[in-house]
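Structures given as structure tokens follow.
Paired with chain B in one complex and with chain C in the other, chain A is shared by the two complexes that follow.
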Partner chain A sequence: MARAVTRNRKIVNTALAWGIGLLIFFPILWTILTSFKTEAQAISDPPVFLAFDWTLENYGIVLERSNYMRFLWNSVIIAGGSTVLGIIVAVPAAWSMAFVPSRRTKDILLWMLSTKMLPAVGVLYPIYLIFIRLGILDSRTGLVIVLMLMNLPIIVWMLYTYFREIPGEILEAARMDGASLKNEIVHVLMPMAVPGIASTLLLNFILAWNEAFWTLNLTAANAAPLTAFIASYSSPEGLFFAKLSAASTMAIAPILILGWFSQKQLVSGLTFGAVK
Partner chain B sequence: MSFRKASFAATAMTLVTAGGALAETLTIATVNNGDMIRMQGLTQDFTDRTGHTVEWVTLEENVLRQRVTTDIAAKGGSFDIMTIGMYETPIWAANGWLVPLDDLSAEYDADDILPAMANGLSHEGTLYAAPFYGESSMLMYRTDLMEKAGLEMPKAPTWQFVKEAAAAMTDRDNDINGICLRGKAGWGEGGAFITAMSNSFGARWFDEDWNAQFDTQAWADTLNFYVDMMTESGPAGYATNGFNENLSLFQQGKCGMWIDATVAASFVTNPNESTVADKVGFALAPDNGLGKRSNWLWAWALAIPAGTQKEAAAKEFIEWATSKSYIELVAAKEGWANVPPGTRTSLYENPEYQSVPFAQMTLDSILSADPKNPTVDPVPYVGIQFAAIPEFAGIATEVSQEFSAVYAGQQTVEEALAKAQALTNDAMEAAGYR
Partner chain C sequence: MGHIRLNQVSKSFGDVQVIPPLDLTIEDGEFTVFVGPSGCGKSTLLRLIAGLEDITSGHIDIDGADATNVPPAKRGLAMVFQSYALYPHMSVRKNIAFPMKMAGLPEAEQTRRIDNAASALNLTDYLDRRPGQLSGGQRQRVAIGRAIVREPAAFLFDEPLSNLDAALRVGMRLEISELHKRLKTTMVYVTHDQVEAMTMADRIVVLRAGMIEQVGSPLELYHTPRNAFVAGFIGSPKMNLIEGPEAQKHGAAIIGIRPEHTDVSKTEGLWKGVVGVAEHLGSDTFIHVHDTGLADTFTVRITGDIQVRHGDTIHLSPQMDKLHRFDARGLRID
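Presenting the complex of A and B:
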């Protein structure tokens, strides 16, 4: 009896998980399908799901109109650079908060998180002026810095949570064996925290890849990443949904593939320490 | 003289005579619409003529506005040419943010620009942005449904006729709505439509002392008429419909009438996109017999931000993109129906363009719009579907949100007008107008 209940529950849970998964994935699936339709089919009512004349015309137009590879390269540099820089800054910060906390550590952590609560547009103008003064407007360097700063609270928080799961005694033993601070972090702490660091890297890479406020407002022709590429196909006066969908599919494809292949690490990192 | 010496001398002479006219790379911010995309495809012609190359930054309209406003206000220098509209041009020119276009060549023939467009893009009589394409609004209708209803559309209909025709054309069983209009919140979406409509009802945004006028009978009449007509004959969920949603409905044969931008005419008559392409007629936007019609006036124009290092090359580009020869280039490559409309008098005198079905109605609509005298009673502002003051975009977005809440059935017309009156007066007081 208990076995039957368990099996039934498993079937229900599996069906529910698939249902929720498909619901979440449906907008992406619809975007991909629309990218293969004509503009007329894209807005047809009732909408067509699979029974339409599949065409690659939209991809051809998008590739002819835009320099996709330049946008892609900018996205890779900006997302990758800001994530790596963020990890370099955040690992020592999270180490000190996890292993040598002071009375104010929790306050500092909360303060860091509170900076994420400010609407980005509130600091747009000051940051814009700073960028002009420093000569880094419309540069990948500028965006790497600003996205690193924007995501730093999340990186520090995530690493802090993972580091807290590592027994301090191990680091202490390394110190007693004569390890320097650098060696302690690089050769003892980081190997033990690899799943956590990997998932932090991946999550922040995805966040930086998808970031659309700063990447649109601080770029023009040189450093514009794929978010600007998508924005160039959106229009309130004219129906270009099929082309917009093709551009969107091309923009999300690399990150979708990366997420697909690294989902194991991502999930194990995100659930690291969740169950004791 | 040996061949080597001769070629060296020729090269030196070329460099000397070129003196300063070096090839530049221009960065141009523009909006994503059919005409602008077509221009991007023809940029090679400009490069061939001048040697200058172009980097395009194409953005969605609202993103573009935010982006270029931030850049010009902060003197960021990200762009050598910006695509802006009739709302921004006089405000930015007054702030000294734009380079005056008062020295364009004789060949360019600036006097050929339609006066309504030139006026809307000038400040104190000087042109600050050259119109690339211009539009007004007009009524597009289904000739077959009109005939079926036993009615005939006059060239210049009244609102009362439109309301009656909408009711007669509505066929809920077959999913046909008598009329489709913008209801989406946003100063450039539903806000633009209702403001233009209110002009024909004798309403205005401000009196001559900048006091809000939403507590007048004219505004109550406008909003009540709109809501009654749309409830009776409009599509479900019209509170969230903008240009694209209505275009989609019309192209699928689900609207009897649609009043919107003249640029829509080329979409609804395109057989590749529209199922009703051969059944569309055009008329002027309606009026109420008060001397003002409900059509607006808009232009996307090219302007040069003050302080750019490439002013000369930028002017060359603007002359090329907004010239008569550019129009001829588009006509030769893509046909007369695809040339950017609404900017030059000579275009409408061209017999080949006169054969385009919506050409004359577009011109008539543009000519009947007067941004300097937009309302029945006098106003202190310029602009038909907007008031050209910096505060307007913010205020009108909030007001249109209140109106959209009425369309969605969340509040009454009286409540929305009372809120609009209060918030507009508060904002104008804070800005120092009152």
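Presenting the complex of A and C:
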């Protein structure tokens, strides 16, 4: 009997998990489906789910009209650059918070995280002016810097959580063994924290890839990444849902594939420290 | 060389003073053990010597040079940690090589020292394994190997055996003692286990609440404890400490009698009591005697085969020449 109960429960749980998963995934699925419809089918009422004339026309038009590769390349540079730069800045910060904490360390961490609660638009104007002054408006350098700063609190927080799991005695052993601070971090701390650093890299790459506020407001033509590519299809001359969906699908495809192949790493990264 | 001198060294964490100013000299080549109950500051003292904690006041000299502000890496000391603190991502060989790599020693010299250490510590077959693939005892050997190859001025051991099981602990205790005899390098060893202290040390430093209670050879501490705390701490089973009228008879506030310095008889003796638990170790028997009117429990250690059972009444007579007397402050009266 007990066995039957657990089995039933397992089936219910599985069904429930799939149900919730599909519900969350549905908008993306709908976008992908719509990208294969004609413009007329895309806005038909009642909507058609699968029984439509599958077409690649939208993709053809989108690729013809915009330079997809340039947007893609900008996204890669901006997301990759801001993430790597963020890690370089965050590792020493997280090291000091995890291994030589002061009475104020917790406060600093919380304060850093609280900056994420500030609406970004609140600092748009000053940042815009600074960018003009520095001549980095619509440049990849400018976006790398601003996205790095936006995600830095999360990067520091994640690395701090990982570093805290590393026994301090091992770093002390390295110190006793004659390692300088640099050697202690490069030869002992970083190799031990590789899984954590990888998760942090991945998550922040995705966050930076999806970031739309700054990338839309601080770029025009030169440095525009895929977010701007999508936005360009919600155009003033009327909404073309099928083409917008095709553009969106092309913009999210790379990160979706990356996420798919690294989901194990991502999940363990996000739940790290929650369960010992 | 490995001569360490602490001069008025103190340590506070915030407002809490864990080590009041103390002086201590550790001679070159000596095996010194810091022993005391948990929280007595013995590990903190070792970490101050290592440089892993900054001292609040005073100064530390190593081999005559002021090392107070020298970082741990530059003090020429090697440390073995309770948790072994091996680098989990490196093979045993790389773990042992790490300090030499940091010191920039030539490859050939590194290899020579690794091979020597490995053969001395029975690690030759494990050099390519990771620490995770080793047993506790083997890990501890790797940690010791990593310390040896540096040829340090002194070794610092922070409760290195407390993570090992009892049988292994006895074996490793011997190995470390033999290592000291062979290398003749200064060793400072922290433990809460007075048996380790007694068996390994040239000199024992007994600590309580950050203060040095007594410094001396194991037998000095055993025969002439300076106060009641040291008397109770050193020796196993513990010394019986008796207060009240019985102590006053001997002109003291407290008298102490070691379990092995008490004669037992079934028919006559100075004191009388009822046997509680008798622990038979084969060579010895520890009898815990109740209802003596002296203390809650009076422990006696007897050799041979006196048959006693729970509930038996027995008579106890202390060997008067082995009696320890302490005044009201707990200090020894000679």
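In this section, the second predicted complex is superposed on the first by the 272 of 276 C-alpha atoms of A that agree within 3 Å, B and C clash if a C-alpha of one lies under 4 Å from a C-alpha of the other, contacts with A are read in each partner's own complex, and residues count from 1 in each chain.
Here, a residue touches a chain if its C-beta (ideal position, glycine included) is under 8 Å from a C-beta of that chain, and two chains touch if they have at least 3 such contacts.
Bear in mind that the values here come from a model prediction, so they are computed numbers and not experimental data.
For the composite obtained by overlaying on chain A, chain B and chain C can both be accommodated side by side without a clash. Contact comparison for chain A: of chain B and chain C, B touches the greater number of residues. In the overlay built on the shared chain, the residue A:Asp53 is in contact with neither chain B nor chain C.
Touch criterion met: A:Ile43 reaches chain B, while chain C stays clear of it. In the superposed model, A:Gly178 lies in contact with chain C only, and not with chain B.
Contact with chain C, but none with chain B, is seen for A:Met192 once the two complexes are overlaid on the shared chain.
No C-alpha atom of chain B lies closer than 51 Å to any C-alpha atom of chain C in the overlay. Interface residues of chain A, counted against chain C in their complex, comprise 167, 169-170, 172-180, 183, 187-188, 191-192. Residues of chain A that touch chain B in their complex: 39-40, 43-45, 65, 124-125, 128-129, 132, 137-138, 216-217, 220-221, 224, 228, 231-240.
The touching residues of chain C, counted against chain A in their complex, run 50, 52, 71-74, 77-79, 81-83, 85-89, 98-99, 102-103, 146, 150. For chain B in complex with chain A, the residues that touch the partner chain are 27, 29, 31-34, 37, 40-41, 55-63, 66-67, 70-71, 74-79, 188-189, 242-244, 247-248, 251-252, 254, 261, 263, 267, 272-273.
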